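One structure is given below, represented as structure tokens, and several questions about it will come after.
Chain naming follows the written order as A, B, C and D, and within any one chain the residues start at number 1.
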Amino acid sequence: MINLSNRYTDLAIEAHEIFMNSSEAKQQAQEGKTPPGVVIENAGDEDVKITRVRITSRTGEASIGKPMGNYITLEIPELKDNNEDVNKKTIDALARELRDMLKLKEGSTTLVIGLGNWNVTPDALGPKVVSNLMVTRHLLQYVPEHVDEGVSPVCAISPGVLGITGIETGEIVRGVVDRLKPDALIAIDALAARNMERVSTTIQIADTGIAPGGGVGNKRMELSEQTLGMPVVAIGVPTVVDAATLTNDAMDLVIDSLMNESPKDSGFYNTLKDIDRDQKYELIKAALNPFVGHLIVTPKEIDDIISRVSKVVANGLNMALHQGITLDDVGRYIN
Amino acid sequence: MINLSNRYTDLAIEAHEIFMNSSEAKQQAQEGKTPPGVVIENAGDEDVKITRVRITSRTGEASIGKPMGNYITLEIPELKDNNEDVNKKTIDALARELRDMLKLKEGSTTLVIGLGNWNVTPDALGPKVVSNLMVTRHLLQYVPEHVDEGVSPVCAISPGVLGITGIETGEIVRGVVDRLKPDALIAIDALAARNMERVSTTIQIADTGIAPGGGVGNKRMELSEQTLGMPVVAIGVPTVVDAATLTNDAMDLVIDSLMNESPKDSGFYNTLKDIDRDQKYELIKAALNPFVGHLIVTPKEIDDIISRVSKVVANGLNMALHQGITLDDVGRYIN
Amino acid sequence: MINLSNRYTDLAIEAHEIFMNSSEAKQQAQEGKTPPGVVIENAGDEDVKITRVRITSRTGEASIGKPMGNYITLEIPELKDNNEDVNKKTIDALARELRDMLKLKEGSTTLVIGLGNWNVTPDALGPKVVSNLMVTRHLLQYVPEHVDEGVSPVCAISPGVLGITGIETGEIVRGVVDRLKPDALIAIDALAARNMERVSTTIQIADTGIAPGGGVGNKRMELSEQTLGMPVVAIGVPTVVDAATLTNDAMDLVIDSLMNESPKDSGFYNTLKDIDRDQKYELIKAALNPFVGHLIVTPKEIDDIISRVSKVVANGLNMALHQGITLDDVGRYIN
Amino acid sequence: MINLSNRYTDLAIEAHEIFMNSSEAKQQAQEGKTPPGVVIENAGDEDVKITRVRITSRTGEASIGKPMGNYITLEIPELKDNNEDVNKKTIDALARELRDMLKLKEGSTTLVIGLGNWNVTPDALGPKVVSNLMVTRHLLQYVPEHVDEGVSPVCAISPGVLGITGIETGEIVRGVVDRLKPDALIAIDALAARNMERVSTTIQIADTGIAPGGGVGNKRMELSEQTLGMPVVAIGVPTVVDAATLTNDAMDLVIDSLMNESPKDSGFYNTLKDIDRDQKYELIKAALNPFVGHLIVTPKEIDDIISRVSKVVANGLNMALHQGITLDDVGRYIN
């Protein structure tokens, strides 16, 4: 569910970058210290770059502005180009990271939730992933003899959004979880990134729980390992940038570029340096009024991109959850 | 959810017609008796003909083959022609009958369920009705000052079907009902008719509960006033005829027509009379094998028809549930 | 464009079967003669059975009821099951047969026409194939440096149907052909079969030209090698059976079965034998009135099937027209 | 077809505003002169504000940057709110202005072209308008007895875009025009606005011809009264703002606001005044690289908005072209 209520990013990796650019972090770096409570691990290659961010303490939480837990980011610059080889590498990496995070026993039942609004193109990622998923729980229940070895029980729903159902998404998910009692919950969602280059090229996996329609600030609706007693993994792909954020960041680049061109200590340089960047952001929001929070920036080709990326994410899930089968088998299970 | 597992109709009015044509019923009629346990009431006009069938006893149940309760049928021959006047009369009649059946107190919360598979055109009626519904529960909760007088809390979900979710539809609905505790439940579903002329021209309202995906015969999943402690109303529109039923009925017409043309007591007449109609039905099913239960007969224009009829049914619901507003207000509430 | 105006099939292979069952053909067979003017050739295997019917004379035309020319049929019983291996074999066979029929020189420009109504699920095959096609003419014109070796100029339109555009489809195609002057024309269309088993399991390729919306009988609108001076190939897949035809054929099977069970020369046997099958067909049409020509029989899963089969047909075309590339390259060219 | 190749607007009314803010125009105004070659006329009310801009000379062309001719703009702030009353007023005004511009004789045949890419939500306006159009040419040709008095022959196509068909859109339209020889051509297209407030609230009608996919600069493909010998009217609705333009304009607002707050002749004020705004625009484009020309800014609800606005525009056309009918009759003619 794309939530543009603040200028901050849904991606831990971007939040970390922003922190690393802060004066606080730069000073720590000069002193040879790494930020406490944040552990970074790199893997993968240039096609699929993997970054594992672990936030291990309250200090880490405060620095990054994200709850404690594990955040794995796959960066795949060619993900939106529909390159068959890159797609396969992405599916493999996603399946591997998911399996490591979920640590499911054989035969575990997984419930997959496709968050977001299917009527809003860039928000439809979750429901589209669900529609490409190998849903098998009912087959194992009613016709197990027709199911391949190594297929696990997977079920899935796309609960819609508050504006469509009139019901908090968390209520629907809770209701289903209470009756089904699955062994793990996976939620798929479209995210907002800060940097346009991340749109449709980044996949984030996190084990810190979800708060669908979180802007409303409803603690009761949080879905996490703590509240549900089962692993809760969120998979997100940024599909938009908030217009105010984009404008603000472009403006910062322009100011930096003008400063680079001016002699240091010239009046012009100092004036630019003195621009209050927070005040500027408020001005931009005023300029975009009454559209703030409602304007999204996307590539023109977003309809196509969403449908391609959804297939890749769904197949990553299919390979992670059904360990006995290969990509060639998936077709027979998809409606 | 279109269920073609038997040749019988989902419509009480058709079941009643079939019974009235049986030799048992004909004999009763000759004796001046009406079938016990079935009360029929007619209303409406030639544009929107209303038939209220009440099954009041076990004998009635046995005759008609439907559970005890109220079945209201609207027959609107021009419903599929998109005639504005007829649409408005239908919406009025549907709203009136629904209100009478639901008898809701002001401010009651209604949960509407759009049953069926949105990927199968003639089965998508339920989800399409939901997408044209005035969903207002969240508005009354969070921004009541923006809601017109006389708008009641309505929420709605389209839970999908077992083949898509891997979860019994009844489980999902139960889970949501348990958390939301609405005052009434309304389920919308596409039906199978026996007579092609009923397709997209008939709306049935019943208060006897629903068993989504009922073929499976899962008592636990029945949703009714008895099991849930709140009114449960089902609204259905036939959108298909089962191919085996159509073939069988067409064949009966042919046989009858041949019999009419032959001299009574001729060998030919007697031969035709002796054809075992049940055996014939079995032969037809064999002839259509392996497609039996999977072949549907629909008008070519079914995609259009479904989308028109969905709007009419949704507006009947909108007018029934939000008694303070008019059709002209609906647009402002629909996404 | 699905045309249900008569009970006959769009498939040459079915028309040939019907002829071979006629008393005329049976007598010829007894006399050791093959039907003159019809040459049959078989190829392929049990996964993809290939039958090449060549009608070489007016006598052949009269027997089969189809114009002189070549008709190639691929029969793929598992086509609708989304089996990856069978899909690949089908794509290979389709590409090979198409290349042999088209005999295009390198660098030839092909115009592909997706016939049918995109709003009517079983009629949307043509437009869906076009949407999965590698369209390249503009790339070769404007950015040839970004196009792989062995990619030929392909362009494509889905002209809609008379009821949507108000224009004879043939007029639109003619208008575009006149301006573009391609080297070959390929038209894709959904067909009506006689036998339910052929639906979504058969692909027909023919070089005899097309008459879109042919029921209207407009000679001026025929698109063929003769009228356009370029190869015109039609690719068709049956997606429906006409309800009257289905009913009629099921009834014949029932009658045959009853006859088999009765002692020969019994009154019953003779009565059944004497049923006038043409009169019976008229009675069925009357029984289905006013729906005759508007009722279609399809599998319930037709939406899914259409989208799968469209991809296979599109890839057969992609492999036939762009001889320098492989299936793995297609993704990069599809929007 | 949304073309983001430059920062300028598709709307004559915005181009005129930009000109009126230029130093050149301000000086003319001080001298009491109005810009030569531009005639402005206002009409309508606050719900539907009508501005008729007529560019009458080369000087006017040069000032505004748009070709000579008539540009009528309807501004409807509530167009995106689905208010029934405002919709009806808009349809009336649009029908009236269109009739005045087209001046068609009774019985004239109109060809409507839905420009744009149906797979790209904000570009799908043209095809969506066409799908809500009363297409009647074929009915008047084949079943005139079923057509109401006062219905004129209308036909319509959505030719797609170069990237989908591989064919210049102008070629397809030309081919169809050559064969059909209609009396008038109307093209519907999604536009890019400069000001976010115009998105989905403004309808522009112009009689200056169209150059579909015009960025390519292909004179041969221009469709205008001059090249075709019949009235050519373009109807456009802005659905996006280019991200670079939005960023640039927001930045200008920020700079202006900072200047307003600083004492005039302060160093800061002068520095801001000296920022080269063209250089700034180049910097923004560099900052948005490699996305320039591919990023669009839209309201999140664009899918809904497009479908509502399409209906209003289509009904404006229906009322303009079929003068004998009312809005209540339209339903019976739409598929």
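Operating definition for what follows: a contact is a pair of C-beta atoms (placed from the backbone, for glycine too) under 8 Å apart; a residue touches a chain by one contact, two chains touch by 3 or more.
These numbers were taken from a predicted model, which means no experiment stands behind them.
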Computed over C-alpha atoms, the centroid farthest from that of chain D is that of chain B
Quick one: chain A and chain C, Cα centre-to-centre, how many Å? 45
For chain A and chain D, what's the span in angstrom between their mean Cα positions? 37
Going by the touch rule set out above, which residues of chain D reach two or more other chains? 119, 301, 304, 335
Once you draw an edge for every pair of touching chains, what topology comes out, line, ring, star, complete or other? complete
Write out the stretch or stretches of chain B touching chain A in their complex. 119, 131, 135-139, 142, 153-160, 162-168, 171-172, 174-180, 216, 335
Chain B partner, complex, touching residues on chain C are 2, 4, 119-121, 123, 196, 243, 246-247, 249-251, 253-254, 257-258, 267-268, 271-272, 274-275, 280, 283-284, 286-288, 291, 294-304
Please give the residue numbers of chain B that touch chain D in the complex, ascending. 81-85, 87, 301, 304, 328-329, 331-332, 334-335
